[in-house]
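Attaching a single structure in structure tokens format; questions to follow.
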């Protein structure tokens, strides 16, 4: 039978760039976020609101997720929104609030940066900077993150293959920063009953190919609050190194993504369930 | 701004047909396959080779998966293959072998039917008939399965939405057969590092919408042997009612799908791990 | 850099089966449907209603598309519908109506067959049998079509790659029937503004790889009536050998797919526009 | 039956933001690129190399496409590449070369900008700035482009819906710049025989929804040189306002995308063919 391995010259083969490759570094990389270590046997919970909306909203949510067992606080100050007319985030004012509650609770903070011009600013407030899905192939931003001294949480683009995801991470490592965490957050498929299709197979695949830690975002991965607990349990069972979960003290009043945010009580309950699953696979949370 | 409240598909309702809908029957349906019950608290393992290839291959594999804890034997006699030049299955001879080893081991048998003209024949040998992904919208076959007296394992089409999957099941129930099990087996996406993208969110989504049992096929869902164990654990954690796994006594010599089949030892080891995860979510296996 | 060409053992390479391959037959195959030839320099129009609904509906539509320049009449008697509660077609009664109006107008008829048990019946009425998208990988049906003496119109599955499409056609040729026409009718993607994404690049790709004729279905390919004319012009410009278009004498009252059916006037107007585009690429219609 | 009238996305409306919406401005917007008008009855050809590689390469290619009938010169100075180890472009040196040959040939120049910090620099050399697929949802970049005084060529993200595409354009208009051209350049689907799936239905859909001009990039849309001519003809037939085509004086030696670049002769021949198709739909080129 006729075989043509090159009908599409672009898409044949699979290449893992050298710095992220497991072949260049057999041991797992452990990323240290102001004392919280991701990539070891402990599964780390990152929780907090989609966007920083106010002092009250942020502080109440932060204190509660801390009490529930979260180790890192999330919250967006600069928000990438599909429409220019949606809430775009509080900006530097949000960063300041994150910094205040971080000191009070002892939780390190992760927050998104979208613009090369803001990397220095965001890194001065945050313990880890996040590069979101829409910017996974924003190469100037990746390079800038690679030159910054803070760990980087890199989210998979909603249309990015595993190979492209690793190539994007390579940009950061190649610029001098090896403190990178990969985050699967759902890919875009034909299915419309969920916001995205959470690709949990990305965890074992990435762990096979790279030494970098891998975490899961079940909030964006499903877009549906009541699905977050079961998908979180699955993520722990499949081998994730952490979870990043949207929690809001009043989900029904959230300015952004309320429909996929857990309430404070739901988060606390979820933590109890996840500890059992973690134990079943000989890890802890 | 011109707006339409239904543009966000997450908020868009579904047309759930009446017989499969959870609203028409609140309690979970339990499907009885010659004494093995799927849909209750116990998670049921279905295992066996992709295709029946020989007496030795089938019998050795069947005895081993029985010893390992499988409750139902799988094995294809009529195989849907992309190319007409690939092995097409042993046909009725394969059905006879399945029947013999079923009696010896006590394992009920599930096997695929592709042709309306063969439903009666296959049902006379099998304890449960399978309708594969490629035939999920083969309506004459669905109707014929609906008129047969055996339980039906319906696999999701590789590009079928949750809604279409439920509509396909409705064809079977509407024809008089309510003993239907739904099986998520991976959907087709842009990602090529795995054979398909296993959509584990289908489990909680389907359990919410329908009373029918839902199982997972991690073998086709990933297409990669070493991924099957971790994805199986995730499937248990997310709430599946069962797993259908390809196992072969000599995977490297399989005529079909050897690269995604577990060896006998790998299957036995997996069972031990799955029991722990099942216990963590208060179920058993 | 590490290169792994086989990370997914299933999806590497591209193989064109021998009987459909352009390498086995350099000259274009011309399919003869009761005297109408598809695959030569003339672009052939196939038109008619989605489903045969009544004598009046079919006959009026048929006479009008004949007057407008259609060379073959389409119309479904057995309809594959997502829901069991939708109109399922008139069955043999519809075949009889097709046969009557075919004799009156002189238009050969193409109609869909879904069940292996009906191939003989459908072939006894139709000049060409159609295998629809949902049955593109219904291998028993492909084999049965391969043993029948009528030309076969094979529609691309909405989730089928070009390679799988050719493999499906190979089943028909391998069973003894080389009178096969391939039809691109839109693939399923993430985009929801159209019913499907009409992949016009399939035309040059298929013409490169196979000697079989290729036609386009812009009605299913877009699902939107007002898009059919512009996409039809594009299909002609890209090199299609024919078009199959849904036309209804009263689209707003159609039992099936009215929203994508042209009115009789719209069809007549379209024919005029298409003649100009055909001439621009040195073909005729 | 539980029903929801919005489950069929074809019937689901869109949230079209106000400034790009056809409802806010019925007449087509005509974008003026240093004297070349896009959006009127004339179809405009943009051609040139993927990347500026050298004076010889750029100048020879530019003179030739000018002779062939191109009205605008394309060429990348800052290149977004999946791997950090691929050629990243000549940077400002490339911009200078573009500027020189622009003056010589009289062809206005379009070139990509990836970084908010470079918008001013790029705009000082270019007649139109391009925002590439990977940056379609780079909102700070969109805002910066909106504040610049040059026309903007916005390419559709490879996994962006039509609605998201329009929302991205809205960011630019909302920041004060209404000189925006939309470019369909292929979307990512499951099909791997082409680099992307060129969605020509985007042209009539966008022309229906917005007053902005729409052009097609068949080079990235297919990724295959021999497909560019037929897809270009289809693009003209479907109603595009322009084409942007990669042309290289020595495609086999290109540092970037040579496999999808036309040679100088192929481009000249294509222009002749396109004129005929344009005439068939009462436009000129």
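A, B, C and D are the chain letters, set down in written order, and residue numbers restart from 1 in every chain.
We adopt the following convention: a contact is a pair of C-beta atoms (placed from the backbone, for glycine too) under 8 Å apart; a residue touches a chain by one contact, two chains touch by 3 or more.
Given the structure is predicted, the values throughout are model-derived calculations rather than measurements.
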item	value
Reference chain C; chain at largest CA-centroid distance	A
Pair joined by the larger number of C-beta contacts - B-D, B-C	B-C
Centre-to-centre distance between chain C and chain B (centres being mean Cα positions), rounded to whole Å	32
Inter-centroid spacing, chain D versus chain B (mean Cα positions, whole Å)	46
For chain B, residues that touch 2 or more chains besides their own	1, 9, 12, 14-15, 17, 85, 159, 163, 188-190, 192-194
Interface residues, chain D side, partner chain A - complex	9, 15, 17, 80-85, 114-118, 134-135, 137-140, 157-159, 164, 167, 170-171, 174-175, 188, 192-195, 223-224, 259
Residue numbers on chain A that touch chain B, as the complex places them	1, 11, 14, 85, 159, 161-163, 187, 189-195, 197-201, 203-205, 208, 221-224, 226-227, 230-231, 233-239, 259, 273, 276-277, 279-281
Sites on chain A touched by chain C in the complex	1-5, 7-8, 12-18, 21, 23, 188-190, 192
